[in-house]
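Pasting a structure below so you can have a look.
Each chain carries a letter (A, B, C and D) given by its place in the written order, and its residues are counted from 1.
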Amino acid sequence: MTASDETAPAEFAERARPSAFLEVRDLKIHFPTDDGVVKSVDGLSFQLERGRTLGIVGESGSGKSVTSLGILGLHNRQNARVSGEIWLDGQELVGSTPEQVRRLRGRQMAMIFQDPLSSMHPFYTVGKQIIEAYRVHNDVSKAVARKHAIDMLGRVGIPKPDQRVDDYPHQFSGGMRQRAMIAMALSCDPELLIADEPTTALDVTVQAQILDLIRDLQEEFNSAVIMITHDLGVVAELSDDILVMYAGRCVEYAAVEDAFHRPLHPYTWGLLGSMPRLDRERSERLMPIKGSPPSLINVPDGCPFHPRCPYGELTGGKADTERPELRELEPGHKAACHLPLEQRREIWNAEIAPKL
Amino acid sequence: MGPFNVLAYIIRRLIGAVLMLLLVSLVTFGIFFWMPKLAGQTTDQIAASYVGKAPTAEAIAATKERLHLDQPVVLQYGHYLKGIVAGQDFKAGPEVDHCPAPCLGYSFRTSQPVLPQLIDRAPATLSLAAGAALLWLVSGVTIGVLSALRRGSFLDRAAMVIALGGVSLPIYFTGLLSLAIFSYNLKIFPGGGSYRPFSEDPLHWFESLVLPWVTLAFLYAAMYARLTRAGMLETLGEDYIRTARAKGLPEKTVITKHALRSSLTPILTVFGLDLGLLLGGAVLTENTFSIPGLGQLAIAAINGGDLPVVLGVTLLAATFVVLLNLVVDVLYAAIDPRVRLG
Amino acid sequence: MTAPIEVTGSDAEAQPEAVLAGIDRKAIQGRSLWQIAWLRLKRDKVALIGGGIVVFLILVAIFGPFLVQDPNVFHQNLNDPTFNRPKYGFWHSGISGDHWLGVEPSNGRDMLARIVHGARVSLLVAFCATLLSVVIGVVLGVVAGYFGGWVDTIISRAMDVFLAFPLLLFAIALVGVLADASVFGLSGNGLRIWVLMFVIGFFNWPYIGRIIRGQTLSLREREFVDAARSMGAGSFYILFRELLPNLVAPILVYSTLLIPTNILFEAALSFLGVGVIPPKPSWGGMLSQAVSTYSVAPMFMVIPGLAIFITVLAFNLFGDGLRDALDPRAK
Amino acid sequence: MNKIRPLAVLAAGVVVSAGLAACGGGDDGGSGSGPGYNSAIDKIVNTSDKKGGTLRLADSDDFDSPDPGNTYYAWSQNFARLYGRGLTTFKPAAGKDSLQVVPDLATGLGTPSDGGKTWTYKLRTGVQYDDGTTVTSKDVKYAVERSNFSDELQLGPKYFKQYLIDNPTPYKGPYKDKSPEGLKSIETPDDNTIVFKLKQAFSEFDYLVGMSQTIPVPQAKDTGLKYESAIVSSGPYKVDSYQRGKVMTLSRNTHWRQDTDPIRKALPDKIELQLKQNADDIDNRLLSGALDMDVTGVGVQAGTQAKVLNADQKPYVDNPYQGFLRFMSLNVNVKPLDNVHCRTAVQYATDKVAAQSAYGGPLAGGDVATTVLPPSVDGYRKFDLYPQKYQSAGGVDQATLDKAKQELAACGKPQGFTTKISARSDRPKEVAMAQAIQQGLAKVGIKVDIVQFPAGDYFNKYVGAPKYVHDHGIGMMLMAWAADWPTGYGFLSQITDGRAIKPSGGNNLAELNEKSINDAFDAAISNTDKAARTKAYGDIDEAIMKQAVEVPLIYAKALLYRPKNVTNAGITLGYGGMYDYLNMGVTK
């Protein structure tokens, strides 16, 4: 947190109070290290309403997870520099004290982690961990909390929850463990649920069950959900909107429908191209993106995607020098690319879409 | 995991421990009887060590017979084992002395039974090791945890510099230094060799052990501070700590309930091993401070080629290690539900 | 004996600090492990100082003995016969222009020369003992970790047995037994130094063995090993061409950290009177002499003590830095 | 750290020359009210007849055994007289008077007959054990039998076995041989008479029966090796308890009667001997007054030396000769030391001053030696066959080195030679001495390698076993020697008589076996004229030095501390320059 945030005048905060349930404005999370400053998140903004689901996609190292940790205030405070604003239900989080943010965690915003085995404490029973989460925000007796925990385990579809509540995480199967994790996250009815690759560690049949569960529960609780994944399939399944991240920034933001059918950024094309589709001929090959994600310490000048972009030359050298801004090109559809809009539409229609 | 499983496990471990002790004693035997023979010594030469001031041929022959040195090493070993199980007779002159089981034999040098000597020396070593262990565990772990929590702070850096210094200092140097400063110059604590048993003079016992405790504990505390810090940092990086925070738990709860418990369990194992080894004789510390413990006994016995005493100490030392390992493993299983005894 | 837990003293110590906790590791991708390690090491001032001292000490051990006085020449005229300590210098150290670190009590041998010659013995024994430990530990560790099954059981139990032994006692007994032996035409100090190397090296292998076994266990499951195996590579090939190169970093780190341990071990044996045979100087031997003189000539205790301390500390600093830089767990 | 344990001190010399006191080192009288530096060397100080109190003694180690029949330590022989009475003992006095043998359990000294081959002693009547039974001559016979002939008791000297006539079938000791007559060469015609029959004439038998091995042991009470914890006392004190490694306590033997014992005063009510105490701690307690005596009598620790030589403490310090010679034996069967010229070269080139410093300097180490007999031993004659001169900066001067080189040339080794020198590994000062000698000899090209052996096995396994010495080419051997009884014969015969060479455990390390010297020993010991014997010992000493087989290094001395609390403190040379414990008392 920078000093300016902490001393921000009250009227400024008043004026800037947004209408959306969650609004992130120009969020930057940088980590100074011996090797240089790691710009994990570098100026990210988005909004999210209750009952809606936002999918954040991108390759590993694009800053997705750091964003979610940043919202929850779980980034390493000792070595992170955070600026920008995060508004949750009218409260600004970046400028809040760690204690204020802590009180919100678990109660107003909760998170489901990628690897449920490593994310649950191996020494405590599942029940105990849910009870703990519940009691820290609710002043109830252990017995009541236990009943609630059993109830939650039942609601996420764990059979015989009254027995399994006393089991240890390692005694659960992978899918059951993720259900328990979800039960724990939902134990205090959070209004914002962040799911960080909730299904990556699971096998395919279980994946579908978990995604169904999250959707059902979202409807039931009317929460806002951020779904972080590199799997476009998951996003297509669950999300209303989609935010594509590259090198700590948003390169395209759109409704799911637009993103899949009228994507406006070459990186999104690449993501779509590298997604296997069951409804296609097997003989057709995937089109993986060349190269590897950039170092977050030495982000390339100009458009950070240009070293991997097959169309970079078409910008007349602009991509190498100038960083493209994220512009709203259609209502609700933003992208950051130097290519003229028309040219992009042509390329999509002519070269990319037919191959997908 | 029922109590029967635990019991069965402990029994199995104890059988393993006995096998291990057999191995340890066999190796000791080998070093004393087999190695010299390899190096070219005859049985007469070995026996000559234990004859006294007039090693005539007949005296050597008598000694060989008395100490069973004329038998093959395997038989001698069998004789020794039999003594442990069934006791042993010893010709003390006009009558025969019986040493009841478990009999660890008689010293080759002083003809005294070994077990009473061990029992006599053990309290000094126990006093030294237990006191130091308490000191280093409390201080080392505390410093390590604080260092990990304030990583990069002045406290952390200072503590780690001191800790690295601590593990780099030989105990006999710090011991001599502390004696020179606190005993010889400042005269705050009594000098080396002033140890008195607790039963005789508790106050003096305490006074005489302060320097050895602190010196020994300093070395280990330094090691444990480093271990604890590393373990704590490792744990703090675990996903489940992030989960605990994500649940909105206060930082204090996260540290004490979630982080400490996991990071201290490996420390427990190391602690068991360290304490076990120390209980078998803190050789260097006892030597530096002239504490009449098992380590001093062992060194004297080794220098005197007094095999039964050496065997006694090594067996006792190995027993301590094995037992403490067992205790630690059982405790570990109690702490970490993933560990199954078996 | 079935030990359910594989964490040992050295294993636990081996756990590297999570240097990059909270940072996406991929951020610094793109450079090889060795390049990164070198970059990090270059920035670690403390480790560099340690490394510098290590290099200096090695140079001293190699060339020092040619530059100093004869360590065995007596200067009794510097000695006060009543108290058996040097006449001159602060704290009766005998420090003067001729003797920069003073002289020994009673016979007045030059301390600088003895410290320098002691460094040679100390480092030689420690290096060779470490080499032995590493060779045994790596071979047995890799074999145990790679083959598993009964091979692993036997080797692991052997390590347990070693860890339960009162090693110092055994080392003393062994050195004592071999005191007057003559083996392979070696005797006296020629033999003694070999015995010391062997005893120290042989008793220390389980520490590194455990680490390597653990690393091998995890490497064994990695894709590239499967790949090699599926291509029909033999065990020997996999062990030495696939696994070993990936173990170089931890081997390097723990060898560096084993050296100071072995220096302390050698010094302890010398302190207890089973080190090199006089008049060859050794630091531990000097300290044991100082036991009877520290009250009248304290510098005689302080100087060899500091020599051990600085050497061990330098190796520890460098080893720690190397570990942080290579961070074997980051792989 | 490691103290020198007197292996075999039973005596020292008769002639305590005037030079002895002078050698004490610049006696400035000191200050304070104490009796003065070195005052107890030739007279008893703090004389007193006051009874009562507890005499507090301490030892950094333990007895070999407190059993009078199973001990060899000098201090133990000295101390055992408090709970046992042998046939004779040394006169409780200081200095040369202490070398005089006086009757103790016997009414007078032995009566020789058969040309010195038979010795008869009469026992005092009315001497009782602490259980009230009466001491008989059979108990003395039994004590000698068990200590010299049994397999179990191995720690003491075996002189009786060596000199007494054995049975026709070798006697196996009282534990194996249960026949009533036992050893036939000891006769007990009645309860108060004992007769010893020797193989050869032996004029100094009174000294032999002064050893603790003649302290009577009643056969019914003998428990062999366990007797040490159930000793039956015939002296003024009984043993209340002996716990190995911890403590021995003595209290008055109510059956001891002053009228049977003209030499003992029996002053303290109790005597407590703490065992296995830290050496430095003993010194600190002596200085603070918490302790009365370091019972081993081998001097204060190096760290204490500076403290006791301060002006305020010096009047309570004595610096006597200890009856030891520290020397180096040159083995005549190890090449090239079989050549007398090579041995002579070593005599010249050995840096004795460096050796002296290594051993602790003139006060704690001793004086540079030129003869085998130390000044405190009967027969000592001052001479120096191989005079050396030293440089001020240390080391033997060039002229002396040149002499050494000439001898080397005469030996056919002008460039020097290589051999080994042995020292006891657990005696750091001896190892230091070896290094001092090594560096001195290097100057004439004699290169020696140091080999170390544990003290416990030094004679039995290594340097005392000629085969080992020859096989390993150990030409030079460091050792220390004190007489087992206080005459030239007692001192020299074990280390220089050719018949003392044994396959193992011998002390004639040089393997000197000259017929003329062997004969001289025989002539001397059968000579009943004491003055003639004394002269003969000096001659033998010179004859030995002419062979150049022994390189005398230092006449050992020690700095002994004598606390104010102690009364009747005097240095007895009978036990090697330590305080006499027989009549020691305390002021409080």
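What we mean here is this: a contact is a pair of C-beta atoms (placed from the backbone, for glycine too) under 8 Å apart; a residue touches a chain by one contact, two chains touch by 3 or more.
Chains and their UniProt names: A = ABC transporter ATP-binding protein; C = ABC transporter permease; D = ABC transporter substrate-binding protein.
Note that this is a predicted model, so its numbers are computed, not measured.
The chains that touch both chain B and chain C are A, D.
Taking C-D and A-B together, the chain pair joined by more C-beta contacts is C-D.
Innermost chain of the displayed assembly, by C-alpha centre distance to the whole-protein C-alpha centre, is B.
Our note on geometry: chain A versus chain D, Cα centroid distance of 92 Å, whole angstroms. Computed centre separation for the pair chain A/chain C is 49 angstrom, with centres defined by C-alpha atoms.
We define each chain's centre as the mean of its Cα atoms; on that basis chain A and chain B are separated by 54 Å. The multi-chain contact residues of chain B, meaning those touching 2 or more other chains, are 184, 303. Within chain C, the positions touching two or more other chains are listed as 21-22, 176, 180, 288, 291, 294-295. By the definition given earlier, chain contacts exist for A-B, A-C, B-C, B-D, C-D. Residue ranges on chain D touching chain B, taken from their complex, read 7-8, 65, 72, 146, 150-158, 161, 174-175, 219, 222-227, 244-246, 276-281, 284, 303, 425-426, 454, 456-457, 460-461, 464-465, 468, 502-505.
The part of chain C that touches chain B in the complex is made up of residues 1-5, 7-9, 11-13, 15-18, 21-22, 160-161, 163-166, 168-170, 172-174, 176-178, 180-181, 183, 260, 264, 267-268, 271-272, 284, 287-288, 290-291, 294-295, 298, 301-302, 305, 308-309, 312-313, 316-317, 320. On the chain B side of its complex with chain C, the touching residues are 12-13, 16-17, 19-20, 23-24, 27-28, 31-32, 35-36, 39-40, 164-165, 167-170, 172-173, 176-177, 179-180, 184, 223, 226-227, 229-231, 233-234, 236-237, 266-267, 269-270, 273-274, 276-277, 280-281, 283-284, 287-288, 298-299, 302-303, 310, 313-314, 317-318, 321-322, 325, 328-329, 332-333, 339-342. Across the interface of their complex, chain A is touched by residues 20-24, 26-30, 36, 39-40, 43 of chain C. Chain C makes touch with chain D in their complex at residues 72-77, 79, 81-84, 106-108, 176, 179-180, 182, 188, 273, 277-279, 288-289, 291-296.
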